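Down below is the structure, laid out as structure tokens.
As written, the chains take the letters A, B and C, and residue 1 is the first residue of each chain.
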């Protein structure tokens, strides 16, 4: 019985230790104006993805209403219907969040794990491990990403899982490099040296000391990776190389182009999925940007200062100056 | 510059290239029992025996009838002659021929895009940095938040819609006769420019803003450094401070970005080429993909990787020339 | 022995408007520096010394700073309303500055030779060849070995002390009348500090140049300065000759500073510290700025700002209850 409680306790505290920084970050991102916008957008998208069947007015796959092809936006079809098949565009938009978020977030998290693992390992261990890992990174970075992904999906199939796996297998390199640079700096921090002196094992130091140190950077990079992955996935499905059964914004754009949306001026068919992609990417990027500004305050836009100058009326400044003049009080003295 | 540094970088580039070649060789041979399986034509109406004969012929043609190691050596030997293999297309054209045919068209797009993005991007970025905090700067920063979230192919569709269809400024689809009729005459060149306008513009919108933002950040970061204050304290003219001190340092990260852009010069325009049906390497690759033309696909991948490696190498060397801190030279 | 006045600053005020309030960096200070004199401006970090130096050179840009001064005269010339172009002629040539951290104060992608040449080309209108000869001579004067080949090095290839010598060479290159040295030795090891200070001293005395030495380190002051201004939170609180200051300080803050410098042969067991920290530039106390930390403070000290008193022989003091006097008339 005691053993059960103890293992639960250790598991529980491990989970809490994992979740706590995430909770803290969410709160700090919420406080940041840019971050708040990002969080709201992402939350909106998640809601759409999860509750798609309830939010979307029609079944997006429904092609039975042949007469209703190519409709302009109206009250019945908020974003009109496709020219080719008469599917409701608005419903397709809502369902599209599922694919983007699923692939974006899953791959992003996978990249976070892989990238952090190799980055920390390379940075902290140094020596052979570092060299090997960095050489692998260099080699992977040299191969052009999109063609490689196309080849691999050709060879190994186009299911969701395969796409996520391939994206993750080649997307971790940038993150690993960035994490490694930070780890190289953290390695020399006093608290790490103290842990080493105390005899902590390498694994323990890497997990308990270095990892929290890079967590901020890690989460920020993950947010940005998710954004990048979503663009890449959109590109892939635009080329028709994504999962064939999925409704994806990229695919919608491709269908729009080949279905003649441009020709017939159906701008809504183009803009709907495009705005979808934009929102998803924008949301994650805002979160990433907010975290970046928190990490590196110098990069903040300081246009506030100049505007401030105009607001601060000269009367106030003159007040300060005359007060200083009054307090100067130079007086001769005999130095008794 | 340090000879050893140069040698190290070159050797390293060769090493990476060797690994990439090996990967390129093995990837199509992965995941199947019979490595030549992907090279067989479809069976169609052939009987088993006929198909066997065809398979054997295919194996011989693509060199699968010898042991793997021998295949690898043959492959390497072919590479020294710039022979990247033979495509599955009718007429069995050589991959290297197909590439050299299409390459200039891709370069026409990407190089022009790069030059435009660099030129205008740096100008706008430096200007925004000069007007830091004012509306010009804010405009650039807002623009960048938008364009970085808008994929180039979406921008391409929007531009095609408005500039191509609504206002009919540029052709929305590439003239299919453009390649065949090209004869280096001024008229032919004008046709190409007209057709290339939309693709280049789609890429340049994002490119200009990206370089602009990057330049702006770099210039502002450098302007806040102590040595700029020293330069001013020495009474140097603002022009000297700007060119000799600020820009010389601010350009360093741009050089690195430029290197990365050059790496992506060939493979980066795949989707754009597809949208506009542009007759370049991107569409070549997609055609190869749709017909499972492995020799062509792998040949193109290898070529793109080689370009990326060369671009990285040149960038590193140029950067080493510009930033004296990089080459581990003579430390006293 | 009144020598001619090289720099006169009267009622210098510098503030920084911020969203959180007006930040008062310098609150009406006066500085007088005579020809050949070495004047030290001493105070803790954040008391406004560096800002004052930049204000004298007119290197503070107006956003974010607002600068007011009643008089700012260099060698008889009024600097207040000069155009920026004229100021650029003066900076580097008639007055020069040495910065604290030579690693960040030098352009990393330019050889030190070129950075020295720049001065000669700009102010002495030399061509590149002559400028390089002059630069090499300047490096020699500050004690850089093998100056001809060193001129082709980059800043990161030199040691800290060597870099600071280069900064000194740059400051003295055009033989200015006034050199402002902002914490020239703070970023260096103690042993190198002594060397660099010697070089600085030697150059100053040899060329009879007026110097404003800004530092928080009193031991540096003892060996080099003639006159000392003590600054606290934007105000001058004491001015005296170096001898008077060290032997008979009047202001409790000065006494505190002196006491906190450990000396060989000191029998004390604990470091003497001045309690608390400097006031936040946005929230300064009422009355005398030092009174929250002052062992002699009374209720009165927190009410009115003590005036800056000046004796005929140049001693200045801003305190209601000075150490040696019987007290100051209070209103």
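Throughout what follows, a contact is a pair of C-beta atoms (placed from the backbone, for glycine too) under 8 Å apart; a residue touches a chain by one contact, two chains touch by 3 or more.
From a predicted model like this one, the values you see are computed outputs, not experimental measurements.
Q: Quick check for the class: compute each chain's Cα centroid; which one is farthest from the centroid of chain B?
A: Between chain B and the rest, the longest centre separation is with C.
Q: By number of C-beta pairs in contact, which two chains lead?
A: Answer by contact count: the chains A-B.
Q: Please tell me the distance, in whole Å, between the geometric centres of chain A and chain C computed from their C-alpha atoms.
A: The computed centroid separation for chain A versus chain C comes out at 48 Å.
Q: Indicate the whole-number Å distance between the mean C-alpha point of chain A and the mean C-alpha point of chain B.
A: Roughly 25 Å separates the two chain centres.
Q: Please compute the C-alpha centroid of chain B, do the same for chain C, then give the distance between them in whole Å.
A: Those two chain centres are 54 Å apart.
Q: Touching two or more other chains, which residues of chain A qualify?
A: Answer for chain A, listing residues that touch two or more other chains: 304-306.
Q: Among the residues of chain B, which are close enough to touch at least two other chains?
A: 133, in rising order.
Q: Could you list which residues of chain C touch at least two other chains?
A: 63 - these are the residues of chain C that touch more than one other chain.
Q: What does chain A use to touch chain C in their complex?
A: Interface residues on the chain A side: 304-306, 308-309, 312, 316-317, 320-321, 324-325, 327-336.
Q: Taking the touch rule as given, give the residues of chain B at its contact with chain C in the complex, in rising order.
A: Those in contact with chain C are residues 133, 225-227, 229-238, 240, 244-245, 248-249, 252, 322-325, 329-332.
Q: If we count contacts the way the header does, which residues on chain C are in touch with chain A in the complex?
A: Within the complex, chain C touches chain A at residues 11, 13, 15, 17-19, 22, 24, 27-28, 30, 63-64, 66, 68, 305-312, 315, 317, 325-326, 328.
Q: Please name which positions on chain A make contact with chain B in the complex.
A: Residue positions touching the partner: 135, 138-139, 142-148, 150-152, 154-156, 227, 231, 234-235, 238-239, 241, 253, 256-257, 262-263, 265, 267, 270-271, 274, 277-278, 281-282, 285-286, 289, 298-299, 301-307.
Q: How about chain C: which of its residues touch chain B in the complex?
A: 57, 59, 63, 87-93, 96-97, 99, 101, 104-110, 118-119, 122-123, 153-154, 156-159, 167, 170
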